[in-house]
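Here's the structure, in structure tokens; my notes come after.
We call the chains A, B and C, going by the order they appear; numbering starts again at 1 in every chain.
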Amino acid sequence: MSEIDTSQLISKTTGRLTRPVVASRARQNEFARRTFFVFTLLPVFLILTVTVALLVRSWPILQAYSLSDLIFGDVWKPTNGQFGFWPFILGTFWVTAVGVILAVPPCLLTSIYLAEYAHSRTRSIAKPVLDLLAAIPPVVYGVWGLLAIVPFVDEVLAPLSDRWLGPISIFSVNQPTGFGILAAGIVLAVMIAPLIISVMYEIFSTVPNDLRHASLAVGATQWQTIRNIVLPQVAPGILAAVVLGASRALGETIAVLMVVGNIPQVPTSIFDSAYPLPALIANNYGEMMSIPLYDAALLSAALVLLVVILIFNILSILVIQRMRSRKWA
Amino acid sequence: MGLMKKKWQRRHIVEAFIKFMMRVSLVIVAGALGLILWIVIVRGLPALSWDMVTKIPEGGYYMGKGGGILNAILGSLYLAAGGTLLAMIFSVPIAMYLKTYLGESKWGHYVRLSLDVLWGIPSIVYGAFGFTLMIALGIRASLLAGIIILALIELPIMTRAMDEVIRRMPVDLEHAALALGSTKFEVALRVVTRQMLPGITTAILLGFGRGIGDAASVLFTAGYTDRIPTSLMRPTASLPLAVFFQLGSPYPEVQQRGYAAALILTIIVLAVSLGSRWLSARLNKYTIK
Amino acid sequence: MDTHIQVKNLNVYYGKQQALKDINIEIPKNQITVIMGPSGCGKTTLLKSLNRFLELTDGTRIEGEVLVDEQNIYAREVDVTEVRKVVGLLAQRPSPLPMSIYDNVVYGMNIHKLKKDRKEYKAAVRHYLEIAGLWDEVHKRMHDPATSLSIGQQQRLCLARGLAVEPEIILGDEPTSALDPISSQNIESRLIELKQQYTTVIVTHTLRQAKRLADYVIYMYLGEVIEAGPAKEVFSNPQHERTRAYLEGQI
């Protein structure tokens, strides 16, 4: 610790002159400092513990099968001892990708609008709306998905896509139920929107107004200013916000589980059902102790999720922190 | 002169188009909130009854017979309150230490980074971790296990919420207290605590709101039961799971009750969220900015 | 006197607070007009009403007219970006855009598509950097970032960037206040050279700078114009007591 603790200094230099009260106060201070310090180690310790605990519990299956068999195997029959995660990994990827692709354009536009165009009154209304959206529990998003999005996909989007985009394989409708990747993607897009918007908004506000004014002063329109000056400056932060949103989407369980269909297959179209990893874990935790290696398999799925999300999170948070503390010339 | 009259060049059309698209986006985002609330209210309200919130499931409840979900409501309140309380015990010291000893130093940077990373870990992973923990310690799904896992989930949220509030506290005040001969710990205890009050309130409500809505973690750790928990070691029901399980039922009456449970959960969460906004606005009046 | 800008009954409010009270002035063409007065008297507000920069702040209300060549720039059919093309601004602090020196000068020309090809842009960049007195110092490092220049050089670069969009009017918001004495002097002599071709309006809080630069003077106090007239007359024989007090250094 580089800082000088004045109270310590006094008690050391004045030695005997120190009155007992002062000494006890200094001791109290030192004790508190140490205790508090231990507390701050807790977050780091927690991350490590969670990782190690999951690694230990999934060790048996990592021993029994090669990593490539687990990742690229596409047969999932735990009772036969077959644990191929490929359909689930692809399901996770598809659902997340669709969610992020749907979320990013409106989130980017909304955050630009709030940061660059909106009147302060609009801003003060938008903030609580985003907070409320962020506060709604996942299971309620799931209910909404079930009651509104699944029928909407089934009755509106699927027929439309079948009619106009049918020949393109990723838009073809093979299982017309409404449950599937698209429904999950839509629900996820709305769930991650508040996070993406608020991070992007914050990133935009780090750009000093002087730069905007310099561009406006030569007669640029606002959009020209944003495109030429603001966006190039914040591009890494925008990307980080998207990655952060993606990592949120990767781990979302209940809401996705309720609308995605949960069929372990390799999806080929956004209207197909899928079975993402979090849904797999949540749906099968009840039986996992009764089949050999099943628990290790499910916990290794959790480990994979954790590792991917940790990497995504650390990278994006580092970029965002850097943008926040950037010094402007 | 006419020199400065609008000439509708390409760039003006682009500007108008982009601005229009931005407004559309804002309406979509705000509209999503409206739509969610609308659906939950319209489908949940008809099934909502006094019995729902005052009774526990009676025999044949899951086939459409009488009873309510008081078990889940109380269970969720216990879980979230317990989790928040436990998280408080750890998050207050961390937030204080961040403020008084670490400040904007490098180590403070790492602690904040680790908290943000923890925040991003999904609840299903916490649930799975809780499961490994329970096996290791030999405890079964119970209120206690649920509380511990919720506390872990809420810890980073609450600490960062407090941190963000007290970070904005003026350094002058702290220095004034130090100049008067207080030790740092005394500063933390007296000055910072008073200044932290709005931060702590916001943190509690934020953590509680997150805890009560979390489903994936309590699925592993708290179990589900039709009784109201009487002991920390017993399993407990929770609202999110009540919604989830009832929606999975083939009986329309039970599904209806699932919608009603979702409405109850939404009301609680929104009340907490609005309450925290109102409270922090009020409390901020009494602190020096 | 050949009037270039005419301000008629201008009132500006920030929220409930009135920043400018019933301003009526005429600014002569191809001369340097200096707006002076104690700080907080609305000098900068008046200046920024001339290129419609006031509306960038939330909650600003503007009443009245500002006529540039008899065209009210606040009229509904007027395009604000065209206004700012005609009325350039040199800011208080130099604000180089985060790009190369060359791109800074090209930026505004590109926005308005003023030139046809690279060759024309290159020639124009040289021309305007020469006018700003910066060419000799930077022509070997055109593609270095603009922020690598000294503060004084940055301000001259901003001048070149502003001139490159072919304005008729240059506004200066205390353009030398962030600079060292030598750089200030450099900018001042540029402005004097340029006044043959451009109508220049400068805000300053130093009386000596006002005396060095001004052909025409506007003295403001608490949001009102107290006195306006040719510099010689105002400096030698102020009509208003407040102006006299200011010139004698009492305020």
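One rule holds for everything that comes next: a contact is a pair of C-beta atoms (placed from the backbone, for glycine too) under 8 Å apart; a residue touches a chain by one contact, two chains touch by 3 or more.
Since the structure is predicted, the reported quantities are computational estimates derived from the model, not experimental observations.
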Maximum inter-chain contact count - chain pair: A-B
Chain closest to the assembly centre - both centres taken as Cα means: A
Remotest chain, chain A as reference, centres from CA atoms: C
Length of the line joining the C-alpha centres of chain A and chain B, rounded to whole Å: 16
Euclidean distance of C-alpha centroids - chain A vs chain C, Å: 48
Gap in Å, rounded to a whole number, between the CA centres of chain C and chain B: 52
Contacts with 2+ other chains: residues of chain A: 221, 224
Overlap residues in chain B, where contacts from two or more other chains coincide: 11-12
Residue numbers of chain C (touch at least two other chains): 81-83, 111
Complex contacts: residues of chain B adjacent to chain A: 11-12, 14-15, 18-19, 21-26, 28-30, 32-33, 35-36, 39-40, 43, 90, 93-94, 96-98, 101-102, 105, 107, 109-118, 120-129, 131-133, 135-136, 152, 155-156, 159, 178, 181, 183-186, 188, 209, 212-216, 219-220, 240-241, 243-244, 247, 258-259, 262, 265-266, 269-270, 272-274, 277
In the complex, chain B residues that touch chain C: 1-7, 11-12
Of chain C, residues touching chain A in the complex: 51, 53, 56, 58-59, 81-85, 88-89, 91, 93, 95-98, 107-108, 111-112, 147, 158, 161-162, 164-165
Complex interface listing, chain A residues touching chain C: 119-120, 210-211, 213-221, 224, 228-229, 232-233, 329
Complex contacts: residues of chain C adjacent to chain B: 68-71, 73, 77-79, 81-83, 86, 111
